[in-house]
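One structure below.
Note that the chains are named A, B, C and D in the order they appear, and that numbering of residues resets to 1 at the start of each chain.
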């Protein structure tokens, strides 16, 4: 299979769109549902033109009812379809929480009904969306057995992970970061590929300190790494890509090498994914740690609307620089 | 105020009932809502006789609609009432998730509307309830700003924390452990008292290893401590009591003393509260740690029904003993 | 039911088979209750006592490839779909031979090979799932139908609304049954909804609604047939309210003191098994000897089931860790 | 509206005041839209253009101690309840003087002192809250009423169902308005629900329903008065569907190409301000000069508001950390 845009630079957003398009062509069982995804093409225009191409029954505009259409996707998945549902904003996933954690997450475990569905969740801040158009809901689902979670940071990963998610026989929540939609670009391979779920990626090889992160924060870490390089501090940036299953081996390998770890994310700090990573390191890599495990994450508040507040709330390059310098002194 | 049962030994369940009763008498604004709490007295009979005593409008049987009645409680709280809603089982709180995290948790932060409400959540396993009558949902809310969470382990704490929760101007989820309902008893003070939210309690003073835990696991830790004492290992058992706000100082104090920590809980391991505690220790108490921070918690699966499965799933005394012995060797 | 209608619309063998399943359900559930009383079963035991005609009626009306999305008082439907009494007992006892291998309990039984969507305790969650299964059939152009059931209580939940609305907008091939047994646990209908007939809920979705005598298996069957036929023909969903009464407690620990005794007395006269026998007798399809024979047969089958359940092995602890995720051989395809 | 009825039921001053608020709303929202186009406002800008009569009508009908639970196209109601244009602009600009001090944006405005329940983006979440506020009044025996609003889209959510059902069962003093502007974002009514009139949803709850011309402020006002009166008298909830049309895009970034131009043309003729002017003229309450005066007045007020908003300080970063929890002085009491 070759893609329409082979050789051309595509945005993160286009990469998502391409993945969906190619999978719908490749596999008849794939269909998409959500609010305003039909003629309108979705709030972010990811499915623009899809309804014309695939028809009204493979591109369904739903009533405004997240629990209902997520539940419907589960039912269709049980019958052998491969639904991909779009949350208009990830924030509204709270309305479908019960269906996701109680039904989608437990059906295979309890009675061997696999639920091969994907929930696309446009998430994250930095876009002045305020408390209900900027949420990072991944922490809740990270603590819910039976769900896979992925969160790409690049167009390459965005495309490859969405394809892998659609082909996976389990429910997968696909966290696509709104801030990255049009801000990151790349030339993608012309042939079909997937990025396997459960495999992280070292986005920058380094020797001194491991920064473990995902999503938009990967870019923050890379920028910080460039700055720190000038001070002779050499960061390794580990992009988790998959949150569940977590690529524990990759994390451990990196920290065993650097002996120092920063865990960075955009979701609220307390009970976030960073806590789990720090806890695992504190248990399994205790002997190789040469300094405290520093977490960088927003405080435990809703994400605020006003620019100076949002800026204060979100992790900054300077936070990474400061933490790295502190660790370097150990 | 003196209680009806002054001087008599009461169960954990009776302590909850007493707290509710006394608060309803003390404060007209307190009213209760839920499924089958009226004439029936609730699935666990905690509100038996309440409707007779307080009338139909302070003890409301609701339709089977958790989101609706939690939302209604929020609205009533905004109007100055002090609603206490009962989940028939904590498991069903997923149906009210959106109202709890998005509305109750954010209203004060955004527009200064305080939401003085309590959600009683009968939770936890060990009662052969299977996947949907045994859940520990606290981890989700631990990661949701604006909510307070408490989880008593004794009749004294159960009563005092419920009273504090009812008097608190914020939304509080009160996790009452079903396994403890009739299994723990105590003579309670005859005068009115509260257990302040945000304060943990050392349930056993020790010197060698801190076990940080809450709920039913406190008793497991205490039993393990008795066993280990015979081997000359002296556990300190820290009962968190409040999960949000967390009594960080008490935890740090204990670990600074013992230099070794076990974090124990019944909720799933990944992304659980134990991860946060371990992460904080790994960051803030790194220099005082003499061994890895060991977490003991169930695997990342739904809690199973069948006895041998549930037994395997739940933390055991031997898990604590093994971990303590491992730590003692550091 | 009008005898002539029944004679015309239902084959004698089919009606006799329904009678058999009514008896099998009753006997099995009574036996499970006895095990519970002996302390052999822990946890909830939810029976369909007095309501057996509803699952037996609708499950008898579907075709082989159709799908059911039952709730917790649908034992008859499980049995008709091929779940054996032995599997039921094994499930209650947490045995590895139960449909969930000990992972889940009581009537949380699902098996896609036998056309059963397993349900979660969270009531009404099964309704969007049912709509989605029907959506799959519609998208693929298959002529299969889904039949879902809910209690009166479950209709107060948001998922009920979202499911029926979606199914109606898309004219999905799904039939919604409602087992209106007048109580949700201890809560009478009057505190659950402001309407007398649950079927009035369907008006919000312009879904055709029907009230049937839920204790009359023939009536349930025929209503199901009509609605399933309409769904299969592309006519969209139907809502069928079955008036009935819960004759046991909510679960077997519940003495149901809150139900007026006269109400129970009244409904005892309308027992679905009694009614079925009257019908079969009146139609001349069966006599006391035949009933007795069925009784003996189901007793044997239930006892064999109990034996199977009891002798089955329990799962072993480490099985907890198995099967959280479906394996992903598919991914590489 | 029938002139005689209006003349009899609405005081001239009240009608003139409604006209003023219609104009104030329009002018303010147009100005906010202009700020958005200039890039001065980031994020969503949801206006009530073409629908102003609904919030103005219902908010004019309530008493001082009543409470509103608005949604995102209720600017007129905010203004009537005392939120100033300056506060609105400050809110849009994320200033500390906005009702949420920069914590939240756009029309997420709440202030209990002015009887406004702030809403979250999650549509229909405000409806159970409204029912709960009404429950508080009922428990305390106060004669206060809650008026809530939702879009047509929001009625598909489970919380709509749970709220209306609960309110109806308990006969709570709450009036549910529905702003049926024929679209939820880009989705036409036909894909949202199987019924033509949203008011049919109310049948499921035996709640009295009414359809009114949502572009006629007098009609909305009188319907609100009737329903509020019934609620106050203990008659329970009412559902009022206001037929209207969204004349702008969903948010100001949306060109709404999916709406047929003829439909917009048709509704332009029914503009609520135009209609109000026709009514006021026909009743002899006002003439062009009076309208012009209102126009000048609201322009001045809006400009003053913009100035206030622009000159207000932004919050400072560390304010993020303030106010997650209400303080607990109460606890020790």
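General observations
Definition applied: contacts are C-beta pairs under 8 Å (C-beta built on N, C-alpha and C of every residue); 3 or more make two chains touch, one makes a residue touch a chain.
All values reported here derive from a predicted model rather than from experimental measurement.
Ranking all chains by how far their C-alpha centres lie from the centre of chain B, first place goes to D.
Across B-C and B-D, it is B-D that has more C-beta pairs touching. Per-chain CA centroids place chain A at a distance of 36 Å from chain D.
Work out the mean CA point of chain A and of chain C, and you get 40 Å between them. In chain A, the residues that touch at least two other chains are 62-63, 65, 67-68, 91, 94-95, 98, 102, 106, 109-110, 131-132, 145-146, 300-302. For chain D, residues that reach two or more other chains under the stated contact definition are 100, 103-104, 108, 120, 122, 156-159, 161-162, 165, 169, 191-193, 324. Residues 91, 94-95, 97-98, 101-102, 105-106, 109-110, 131-132, 139-140, 142-146, 244, 246, 263, 267-268, 270-276, 278-279, 281-284, 286-287, 289, 291-295, 300-302 of chain B are the ones that touch chain A when the two sit in their complex. Here chain D touches chain C in the complex through residues 156-162, 165, 168-169, 190-195, 200-207, going by the rule given at the top. In the complex of the two chains, the chain D residues touching chain B come out as 67, 69, 99-100, 103-104, 108-112, 117-118, 120, 122, 125, 127-140, 146, 158-159, 161-163, 165-166, 169-170, 323-328, 330-331, 333.
On chain C, the positions that touch chain B within their shared complex are 42-44, 94-95, 100, 102-106, 108, 120-123, 153-154, 156-158, 184-187, 191-193, 258, 314-321, 324.
Interface residues of chain A, counted against chain C in their complex, comprise 31, 57-58, 60, 62-63, 65, 67-81, 83, 98-99, 102-103, 106-114, 116, 145-146, 148, 164, 167-170, 194, 196-197.
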